[in-house]
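By written order: A, B, C and D. Residues from 1 in each chain.
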Amino acid sequence: MRRPQIGIMGSSEADDTQRRVAEAAGRAVARAGAALVTGGRDGVMQAAAKGCAEAGGTVIAVTPFAPMEQVNEYTHYVIPTGLGWARNVITAISGDVILVVGGAAGTLSEIAYAWMYDRPIVALSESGGWAKKLAGERIDHRREDCIIDCDDVSKLGPILSELLAKRPLKTIPPVGPDAP
Amino acid sequence: MRRPQIGIMGSSEADDTQRRVAEAAGRAVARAGAALVTGGRDGVMQAAAKGCAEAGGTVIAVTPFAPMEQVNEYTHYVIPTGLGWARNVITAISGDVILVVGGAAGTLSEIAYAWMYDRPIVALSESGGWAKKLAGERIDHRREDCIIDCDDVSKLGPILSELLAKRPLKTIPPVGPDAP
Amino acid sequence: MRRPQIGIMGSSEADDTQRRVAEAAGRAVARAGAALVTGGRDGVMQAAAKGCAEAGGTVIAVTPFAPMEQVNEYTHYVIPTGLGWARNVITAISGDVILVVGGAAGTLSEIAYAWMYDRPIVALSESGGWAKKLAGERIDHRREDCIIDCDDVSKLGPILSELLAKRPLKTIPPVGPDAP
Amino acid sequence: MRRPQIGIMGSSEADDTQRRVAEAAGRAVARAGAALVTGGRDGVMQAAAKGCAEAGGTVIAVTPFAPMEQVNEYTHYVIPTGLGWARNVITAISGDVILVVGGAAGTLSEIAYAWMYDRPIVALSESGGWAKKLAGERIDHRREDCIIDCDDVSKLGPILSELLAKRPLKTIPPVGPDAP
């Protein structure tokens, strides 16, 4: 019953190329039938949300703020955290696939977390930043795979379809460290 | 563009009354046109998700776990946190209104956080637990209002409609402590 | 090699009684040979830190802020979190024993967390607030014990000695969910 | 009244060189008159704690676990978080200076956070890993400085003295987003 969802990481400040790539990536997410998870702010997050929402997709934002209403205008559902930058830990793992556009230090922290928590990562390398620096690289020895380099956002659709087809469908019982 | 959403707090262990109340509350949320946010686990969370999903509503879960697939079967979208019990801080504030069903210590922490972050709180007091103990009470002096006592879940619909009508519609620019 | 440590929970706003009780509690912690862990802010936290530091004890603060230097003047070591109110999860469990003085909603969240994570809790009930309301109570069914009621801070010393004598001395290997 | 403190980041798995460098770094921290903050686990964290404690310094651990006693044997004070990997956000900023030894993805997340929160960072580059890859680099445009490259741990002492001399001594009032 769980639906596919894809996270996008990137800075709240974005240049024109990054906004174009993010918006196209958001559209590709909607066309792949997945919801988009962003950090809810400006820049890459806003452009991706716009692309997804205008293509008919659903947008969920996990924000660093506490108010429900402190979020960009293309967001349908908001998960406020009040955690400041620590919310990066959550955005980084809130997708069956994680996309990276551009990226400064905050995005680097998210790439590291997505890697630790074993999410497939696709770097849209034409957008520069840490997406470009780490495209095709391995972060450490714990994984056999690499960050996938997608050097042209027009090629993103088939990559998403392939990765979503591999996502785990069996569920794990939701019991554990915080029971009861 | 943001859609209304309502959180529900309650234990992963639930008796028959609590499950009945939670499921009815989930249905009321769907009928109010809001999405339901839960903690994604068993018990109250599962029953509420079932009620909402079967009535055609959307269910989002914020889990204490890291895997995407560790969530109950009535959930549409999942925000895994990997934070253990600290995820209670987030579930507690992820709604325009927060509902409480039954409740042990985890739920008590969520009531405290919902109060601190100024969310309207409705206790479904027929379900016992901390919902019953704190229905009609003020947690501290920072707020003028009380936790609303709804002693019969069949009366929940109009309460939700009234509270959702008051939710903030203006947005706050999503800039702040974690820029850029 | 680990040394005993005791946490104190209470509001950043404190009346004269609460400041007096907190300062005496801080002195008792120092005399029991334990370090004091506080939230690093004003009110109860500051008074307790003053009492402990002036009696020759060590004070560690876990703050909601990010800067190292945003902490009260009686603190020796600071652990900044940048987490806002979510840092309550951490202060609540950073002691072999947890003391409660007065208390508004933030303190209530800390009592709930200390209970969930199985810390012995002593409420200094003469200070009012949630300390008084929950002294002698059980938060839920998961524990057999109650929140200990210490209705006069001059009686705190022997209670601390007894609780510290029971603290776990064996260590648990520090491996687990975040390896490597 | 706040005392100087220095954080060390590195993996729970360490080779011989990394252990040697970490232990020497821990000694240098003690000799600089600072407390050492680690993540409390094995590997780099344990070796650094050993070096500091055996040289007479104080060791504080911020662990991903909830139990007080789940920490390496060279630790004096423990701040358990129960946050899993999200505790990296805290270790990364719990020092007037942050040292990096070796490092896999977890350490990379800590470098990113230390950078965002404006801590001086010293990479002990002879230890390899992300310490070596990022020594002398800038993570993004928000800072003018670089990660300092210390290519021989025997040269660390004067670097620490110089950085500690610049640490902020004025305090910021501990009031703010989570009042009261």
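Please note the rule applied: a residue touches a chain if its C-beta (ideal position, glycine included) is under 8 Å from a C-beta of that chain, and two chains touch if they have at least 3 such contacts.
Since this is a predicted model, take the numbers as computed values, not measurements.
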Would you mind telling me which chain pair, C-D or A-C, is linked by more contacting C-beta pairs?
C-D
Computing the C-alpha centre of each chain, which chain sits at the greatest distance from subunit D?
B
Per the C-alpha centroid definition, the whole-Å distance linking subunit A and subunit C comes out as 38
Rounded to a whole Å, what is the gap between the Cα centroids of subunit A and subunit D?
29
Quick check: how many Å separate the C-alpha centres of subunit C and subunit D?
25
Going by the touch rule set out above, which residues of subunit D reach two or more other chains?
66, 81-86, 89, 104, 106, 116-117, 142, 178, 180
Note which residues of subunit B are touching subunit C in the complex, please.
85-86, 89, 104-106, 108-109, 111-113, 115-117, 129, 139-142
In their shared complex, at which residues does subunit B touch subunit A?
1-3, 5, 11-13, 35, 37, 40-43, 45, 53, 58, 60, 62-85, 87, 89-90, 93-96, 104, 106, 117, 167-180
Subunit D-touching residues of subunit B, taken from the complex the two chains share
66, 81-86, 116, 142, 178, 180
